[in-house]
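Notes follow the structure.
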């Protein structure tokens, strides 16, 4: 089958280890299902794998990709859930310390077929396009869990998204807006701020700008650079949900006194459960949300998609059509 | 001041005890504020007061009304919160066993002025009309708490509203739709079912009809007549939120075995807190929700409004303009 | 291996279908583990299986038993978790509509060996006896989830247990007392009431007796006979946790008006998760709780144990030693 | 009346501003109640007030004290709740940004009488001594909220207390032990570690020592010095509850990447609600907990008690008897 896979890793030239070519078809396995993919999509995770972060070198070659949608062995249209729990795990699979994401231990979704545990698919709503469906597995799932499981915000509340533009931040704005939250965003870049307004943000502020009101929650994916601003922007009892720290966590003050005195909550969040993915799919269908897509191309052109990610010039998802 | 107030009570002819006429202005009181009302609205509670239910006869004459919006003593545009806690109460005021609603112990909102504790107002969003604002105090607040505090449903989930048409049911459909829930409703009446679809319901079913899927939550305001259907319609772990039981609770089976085996939750809900009212107002403004209004008339015509309620022929709120 | 198993079913003479004799050893299976049992214990569930309730006739012969503790294939001392989720299930396994208990689809614990999924064991604390460990799998786990996951009561709160004496009720009293709750119990039988006091209840009341204070939560395993008393005994905002309805649910009034007006919560609860079982084991060890044991006998005498259960004359667990 | 009050403030010599002498009796006020105190107790907060932290100079002279128990105007034996919400506040009073503690705006409890809002007392259980009752208002209430409202730990779970010895840390160990938690503590001082074991800690570790297992929650009152150890000691999904930061928050790394990847929760906590105080009182009575008391002396000797606090040589509460 055709696949985009890593054969070697390089932090300076990640594309050097990427091959788009033939890999053996996955073999059927009891309790697992083979999905014939119709679409897949890229995440920064895929570039990190090529840079040598998160993916062990002794597991190469490895098919990349966490986002995917297709038709399973029983003929059902499904969205792939990328979080694979260890054998015998019970409960929330994102808390399993031995969980892996697709493309870390098992081959991923940038291929014509992917083999996943039977519990790692959810129904694709009938009216949903393959391009939309494949966007949901990772960044959108992460945003869903941050906003709806972890923020504690009720409809009518105000949520600040630090750093409009990234895949998760974009999903946060679109999802929060669809669920009756007032979405505010910060951006260092005027054009990205403008795009944020177009997809549902109510207001956009410059990074670090003092807000007109205290917010109920902050969605934090930036890290050290915005941490103190996040703490200061919250109302008493408010929540920071943190997922990722792209600017690092070294220089950040912990701001412990403010956290204690204002009774703030800081909640770490990563990926989401299969059940959250199923709810997300229903919400996206229900409210006719169209995930922002940067570009759509056939899987054969996967190298071009990776190049866009590496250049950092994307707003929204890079989607591959398959077959 | 002009007011609509009860002077006597009759279960058979509730309007016989209603006077629309002059009452003394409320006197200022430390810790309380006088609101110059701009709009008020009716609830079934007002008719029950005239029927002799809930309002003690020795408190007559009593100005009726729980819904109101106007300008407080400091010049702020506010929405009135009708739940008055007892002195020294701490925590969720709807759990105070000695709480009262306006018009039960203190004069209500169907007047040119109302005296309320300083804690019983929330800001009216600037762009919101007085007609919209006054609809929120009671039925809409009840619906907000049912859906967003008590149902446990996340966006993308499916909620069944038993008995489309009532004030709370209408608010539930409009609110749930605005917050990304899939709203289903049952109705015994085709025209009301049609109206439910127009205001945001995804599907409408005949009362007692078997649903195509199990739902995440049922909003139950009917009671005995729909109780077993509610229990049977839920997925494992689902929730029934119950607020009111207009068809009575005598003949209902408790369905204890199903509740236990499917691990259902049944949650009683009544009115809502001041903080929930504030969030509701922000949500209604944020998503430009327009509460369904049956009719708008000046407070001088309050008797006509009561007559509509008694006749049972309303769909949405009966609103009075004041001043 | 030696086992106690069902070969036929009879509602009038359940013991007629019980055989205590040889069964083939379980065969190893990938992802599953064989536990060499050291102790097992009885539940009413085992008698129901013999009566033809819950266990399909076409699955006979079936080794009975949900409670067990022993040594797994890796040499670890473990307690067996009896809730077996279906393949691919994610999240809380007690909510899986296709879950089974041991002895419903897979052979149970009343045997020298039992084959269970690798995820269906938790560590036995080193200092805990086999007799104590084997009591925890079912009735104690049920009680743990009712009290600590579902009641919402904080330490210092008051909990009413309806019907002292049953296995779950006994566990509730011992657990709640160990966790800082004030435990009250009702009983129709003076001797059982006395026993309840001895194992940690603060006060015991006659069935249906009016309580001196409203309680924070009621643990309800009786059903129709106590339901109205349970509803009436709660403070506003209080919780009834219901697990089982031994007196049936047919005649119970739903009491919907009181549930709504006092904002009560009714929460169905059945069994518990593997993680809850692990926490329970730590609690029992930590506080040196000794489950009330009715009698201990070798598995060869299993028929005597079943006879005690059928006669209804037990207070606490009937434990079998194995090997 | 006799009182211990501040007349001036000095960071270097806090006792210089303390007077133990006569103050006018409080005057009755509608909605407030005068409590005839029987006992009071010290907190670090009282020393901070004398140092010029938290108490505005223009409010002097001010009677100090947040801990108190006595007899209210209606003859009820009560414990004083020190959190005074602003007029019209609704909901959790610890989240009111305009709340004050007794001795910040209104005279405190180190006196023969104190005037408090009617909502600021809870019943003292009949069998509880005045010395025990007065310990609960502040440090014990703080510990109760940290453990039982904010930690998310269920009975059987393991909780680490950073810095055994302080008033809150002592209360945490005694409360957690009474509620079925496994309590671990760290200490820089061997004697204090030994005392922690005596009052209920299961194990004590040196500050910063690697723990044998990951814990479910950490109770953090130290701050920067222990922060990284707290983050590293938690299991995935675990919780740090932070109340106070006696070692400052400046040098602490935020550890954002670990918080996100392990999905930790950090929850700020300060004081507690009136309802939590009432539950605490019931728990302390129920389990016969005896708060560790450093010393008991008559209020006339209050200066000696303050001197002990300033010297930092206390383990447990300094209690004053009154009248």
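Note that the chains take the letters A, B, C and D in the order they are written out, and that residue 1 is the start of every chain.
Just so we're on the same page, a contact is a pair of C-beta atoms (placed from the backbone, for glycine too) under 8 Å apart; a residue touches a chain by one contact, two chains touch by 3 or more.
In this text the structure is predicted, and so the values were computed from the model without any measurement.
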| item | value |
| --- | --- |
| Pair exhibiting more inter-chain C-beta contacts, B-C or B-D | B-C |
| Self-contact between copies chain C and chain D, residue sets same or different by half | same |
| Euclidean distance of C-alpha centroids - chain B vs chain C, Å | 42 |
| Distance between chain centroids, defined by C-alpha means - chain B, chain D (Å) | 41 |
| Interface hub residues of chain A, defined as touching at least two other chains | 92 |
| Contact footprint of chain D on chain A as seen in their complex | 92, 94-97, 220, 223-224, 227, 236-237, 242-245, 248-250, 252-270 |
| Touching residues on chain C, where the partner in the complex is chain A | 31, 85, 87-93, 117-120, 273-275 |
| Complex contacts: residues of chain A adjacent to chain B | 148-149, 154-158, 175, 178-182, 202, 276, 279-284, 286-287 |
